[in-house]
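Each in structure tokens, the structures are laid out below.
Consider the two complexes below, in which subunit A is the common component and subunit B and subunit C are the respective partners.
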Partner chain A sequence: MKSRPARRRPKLGMTWLSSCGGCEESILDLGPDLAGILGQVDLVYWPIGMDGRMEDLCKVPDGGLDAVLINGSVRTEEHVETAGLLRQKARIVVAHGSCAHLGGVYGLANLFSREAVLERSYGEDGPRLPRLLDRVKALGDVVKVDVVIPGCPPTPDRVREALDSLIRGTLARGAVLADDRALCRTCPRGETRRPDTRIRRFRRVHEATLDPDLCFLEQGIVCLGPVTRGGCEARCVRGNLPCRGCFGPVGEVKDQGGGGVGFLAALLEGASEEELEQALDGLADPTGLLYRYSLPSSLFGGRNEGEGP
Partner chain B sequence: MERGSGATQSGEGPAVFEPVIVAFLCNWCACEGADAAGRARLELPANVRPVRLLCSGRVDPQHVLEAFACGADGVLILGCRPGECRYREGNLHAMKRVALLRRLLGPLGVETERLDLEWVAAGEGKRYAEVVTGMVESLRALGPLKPQSASTHTTAKAPDARTKVEL
Partner chain C sequence: MCRIGVYICECGPNIGRTLRLPALVQSTGNLTGVVRVRRVPVLCGREGLDFLGEEIVAQGLDRVVVAGCSPREHESTFRSVLERAGLNPYMLQVANIREQCEWVVRDRDQATGLARRLVAGAVARVRHHEPLLPSEIAVSTDVVVIGAGTAGVRAALTLAGKKRVVHLVERLPCVGGKVPLYEDVFPGMACAACVMDPMLDELLHHDGIRVHLMSSVEELLGFKGNFTVRLLQSPRYVDPEACLGCGACVEACPVRVPDEWNPGLAERRAVAVPYPGVLPSLAVVDPRHCLRWQGEDCRACEEACPFDAVRFEEEARVQEIQAGAVIVATGFDLSDPGRFPQYGYGRLADVITSFELERMLNSSGPTGGRVLRKDGTVPGHAGFVLCVGSRDPRAAPHCSEVCCRYTLKFLHRILAQGAVDRATVFHAGLHLPGGASQDLYRALEGNPSVHFVRMGAPNSAGILEQNGSLAVRFPDEEGRVRSHLVDMAILAPAMEGASGNRELARILHLETGGTGFFDQGITLLDRVEAGREGVFVAGCAAGPTDILGAATGGQAAAGRVLSELVPGETLRLEPVTAGVDETLCSGCAVCEGLCPYGAIERKDDPPRIMVNRVLCRGCGTCAAACPSGAVHCAHFSDGQIAAEVEAMLGREDQGERSKEKGSRIAG
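Moving on, here comes the complex of A and B:
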């Protein structure tokens, strides 16, 4: 490799796998700052924003890109191939957004078999797609990931932080660009939670008139703040919606669903099975709720073999 | 742990499925109960892998998930009867967690019968034997749990803010 002058513009690639486009949107969310950033990087590969062909990418020497931002979950064999090629070409692979980080919302497809998913979405005349993997995976399941920008989608500040440190040459491997503490620690309503609160019956957001200043758990609404990393500026809470866990589990929690069960169970009121079942009846789809963004990277990864639900 | 490690019984006759059960036993009641069963020379199935804890309330839901992901066909939590917990309400916490965990596990394809919480007091050797034998029988009827290969997504691959890796 050529010796690098001090002000060399870092070569950057960005791509999407199984993605809704929200993470690409998070790049545009940088607003006027984007122009400045684009002036300081050499954007080599970005299929959604410019002409990006695989064969051009193949011509890049191995390690020729300083970093790639990959968003979306790994759903098809083509995604595995793309991720592998980018891993080969880039010195630093950044998992951009919840899907790449944890498997994301698409990961809920792991509650069903691949065949059931195709059948339900397309019926008998399925589109011609690259072969779907048996189950949705996170980027870290198929290639080594160096840096994580969590979020669905990540906040502009987190993306800016990543790109700025890439430009300054300080983007360090092993970083999750978020708070390692629970969201509650920085939540504007964090102070309003009382330690002795018990919930008789969970309510859903549409079933309640929400107090905009009171902790959601105090109102009987499930909020995943206690088991979710902070660093999102509590955007949902400020918009009067509870946390759904897109930043992923805090450091000490291995499995977001298991961690969620732990803290929610502690809040339950009831000393008999009947009372507990009654309290839990207000909790719609606990599996989908507690694993909304993280099923592929959970301890189970998905549904057991056997017939679907 | 090897899933269904004793998948078949040696000897003649049709193969019998031997489930693996991870049992979390409270030190103050169920452990004594298991001892009592042993002292009474009661016949106990060899399917149980006991884990002694100070209280059934110490069982984190993630312990249960991990046991299943590592190859258990069933998880049994044994604690003191309500009102008899040495730490006042640890067993009640276990009950709440199990109620919610079952609902979490259902859509993941883990049948309700695979996770059980029972009360076994210190002297109840006979009850201990009945509970574990009963669970072995119901798991035999259900067959092995076959999770899709548990996630390979590990902290080694997904970086953690606390572990800085050198370039």
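Moving on, here comes the complex of A and C:
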């Protein structure tokens, strides 16, 4: 990275692709700090917050933005174009939130064909939309991503960390702004996990009176803490809800849901096939549970055969 | 860049009839990293092995793929060739084109295509191999023997005779098992105490044998030559150094409970010397009945003891022992005849078990050697009912081996001492192997006081009360119901594995059969195999046998240990073990509970796990279950497995030359 005057305010762009708006909220979640941060950056492009047109963006010289935060999944051809254009204009592309990072909740649409999705959503007389891709993709599937802020939505600390390092000029490529290890390491209930515990029947959250201090797995509740990157301050767990995996898999693990299947299978107990079947009865919608945020970047949902941007 | 040599073994006439070897050679030559492909008639023969060694040196190979038989057959053979040729033995990969192609696929093209895939997978994998170094540890030749009955004691003495350190672990407060409780033993009618006491005395005074009484094995970690055994010793509450077994404490104890050593015959106190002549002769306090554990401040025994030997403050003790082998000699229990209500056991006063009769006949037993009915009178007519539970598929399918013979022993004893006038034996065929048993039988033939009556089937009798006597009823061989009146009925219950066997099996990772015996590893030529390396089973723990059989089993197990574990030898630890990347481990402990070898320990601060490489056997369970990808198994890394799978599926690996024309893997 070229050194430049420390006082220059970094030029920043932010946009959303297929997004629920939660990641935009994660910017507003900075609260009083937001004003200070906005005062230290030059916000060039942010269509949801200010007037911003593609033709204006086109006029920015290539590499003219120091960084761009992109949230949302890549669902349409327009998203591919937008992502490509921003990649061209920005020196650092940040995948902002689970959708950009892993494909996100929208990625569960990959269980169905594009036609089935359109038919179900709009019936025969759908609106005129940019053409949908065959599959939902993560941002990294269509452009090179330099930095990841994981989370659905990312926690304010993670967003602040990203913007602070941008302002200080220390935002390093290749970083995932979260822990290197799984959530269990920082989980307040981590020590209550006993290695010999086996699960005879999974229970869903609404079926149980949840012990606020005991590891969820000890209670027979699926918690994806073991297969999910830490760094969220265990917010869900502190709110007495199990981890659902929004920070994505740890390090070299390619398939978060596969890892989930692996470790949950390891905990299951049953003397017969039937007992194991019963144990699994409590596991409603396994794909939606274990791949909730990561289906497009998983081993079987992440291949984009025959689909060009 | 790798220099891989691929050697395709024709396995004599075994490989190449279906497979098209020239095509395989050609496609293999196009794989990335392959510098040499050769067909060899028999690679595992002396010439083949020499050839392979020479090739490695002459071609400057750094990795080798052998395509031939199953790696189970010759992987270690070829690894040693690599080692002798100066390569790390783990730079080898075997593609099994015999069992997986030649022998199972009929179509020549299909078989050849499959072989190409297997070889491509092996080549892709071997490129990712890394040299691994085995380590060595000194083998432990100490032995843990569980159970201090006939088998265990014989094993311990045999081992100690060759200077092995033996830890003899016994659940009870005394040694000797069941035999010292008998008066005499078949077939020679020898005095039981005369047979056992000298042996037990030698045992208790042997420098090389450490006897752990009132102890049980709680955990067994490790493997042959390197076990760690955790023992839990319950407190005796009596100092064995100070106690003489004088019994002063027993006299003083106010508690009376049924005596397990003399079931149905006597009471004992809460502090007791188990039975007369017990070794070691020491008192033991039973906290289940002692008033101190019921909240009372009784000190009667403590005050009565002339040697200040009572120690109420004693606590359970845990200790870990290193040993190279374990011998399981836990013996048997008699099954409870109350399980079959038709015999009236527990309901009819004079229906007793053979063990109760043994105690009555014992001259130092509760009746001083006299056979008495519950009302104190002498029975005129004793009935012996055999096969109570035995040889019945619904109960114990096995023959309990000894009941017929000990019944003959009883007959000789009670007739000799005039304990009864008459005796009738109800049997379903007598099992009397060996000359001495036949002598014992012949000596009773023609004796007008003894009758042998044949029942139609084992475990088919019933006993009813009839006018103050007992009526033994059973269908005979023609199916007619017969009835005989006796004054006392002695049941011969089926032998079953000792009551703790199932729990012990769990701890030792062994299997027990339906009747609780450790008989799962036994073959025609081996009665001490337990189904796990370094663990042996001896005596009745392996199934019903007589005293001689138990003693022989103990010696046989000891013999196996002596031949397999030799002082000064080392154990080579396989380098294929799991390891943990601490920068990725979150300490979630999913792996910890899965490890079959207890090789994973959890550490705090930061929370993480560690793999004990001496205990790890490289099974890979932890690596497969780790949700963080932090545990990896040497020689089975994700990279190696993925490379192999992808190449088999026909995907190109990085830098693959196979994109060139004609080199694509045939489908």
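The rule we apply is simple: the second predicted complex is superposed on the first by the 296 of 309 C-alpha atoms of A that agree within 3 Å, B and C clash if a C-alpha of one lies under 4 Å from a C-alpha of the other, contacts with A are read in each partner's own complex, and residues count from 1 in each chain.
The rule we apply is simple: a residue touches a chain if its C-beta (ideal position, glycine included) is under 8 Å from a C-beta of that chain, and two chains touch if they have at least 3 such contacts.
This structure is a prediction, so every number in the text was calculated from the model and none was measured.
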| item | value |
| --- | --- |
| First (subunit B), second (subunit C), both or neither touched by A:Leu241 | neither |
| Contacts of A:Leu34 with subunit B and subunit C, given as first, second, both or neither | neither |
| Touched partner set for A:Glu273, first subunit B, second subunit C, both or neither | first |
| Subunit B versus subunit C as contact partner of A:Leu43, first or second or both or neither | neither |
| More subunit A residues in contact [subunit B versus subunit C] | B |
| Which of subunit B and subunit C A:Asp196 touches, first, second, both or neither | second |
| Which superposed partner A:Thr287 touches (first subunit B, second subunit C, both, neither) | first |
| Touching partner for A:Gly225 - first (subunit B), second (subunit C), both, neither | second |
| First, second, both or neither for A:Ser297, with subunit B first and subunit C second | first |
| Partner chain in contact with A:Asp180 - subunit B first, subunit C second, else both or neither | both |
| Subunit B and subunit C contact sites that coincide on subunit A, given as residue numbers | 180, 251, 253, 259, 262, 265-266 |
| Residue ranges of subunit B in contact with subunit A within the complex | 60-62, 64-66, 68-69, 82, 92-93, 95-97, 99-101, 103-110, 145-154, 157-167 |
| Complex contacts: residues of subunit C adjacent to subunit A | 583-594, 602, 606-608, 624-630, 638 |
| Touching residues on subunit A, where the partner in the complex is subunit C | 180-185, 190-191, 193-198, 225-227, 230, 249-253, 259-260, 262-263, 265-267 |
| Residue ranges of subunit A in contact with subunit B within the complex | 95, 101-103, 110-111, 134-135, 137-138, 140-141, 144-148, 172-176, 178, 180, 251, 253-255, 257-259, 261-262, 264-266, 268, 270-271, 273, 276-277, 280, 283, 285-288, 290, 296-306, 309 |
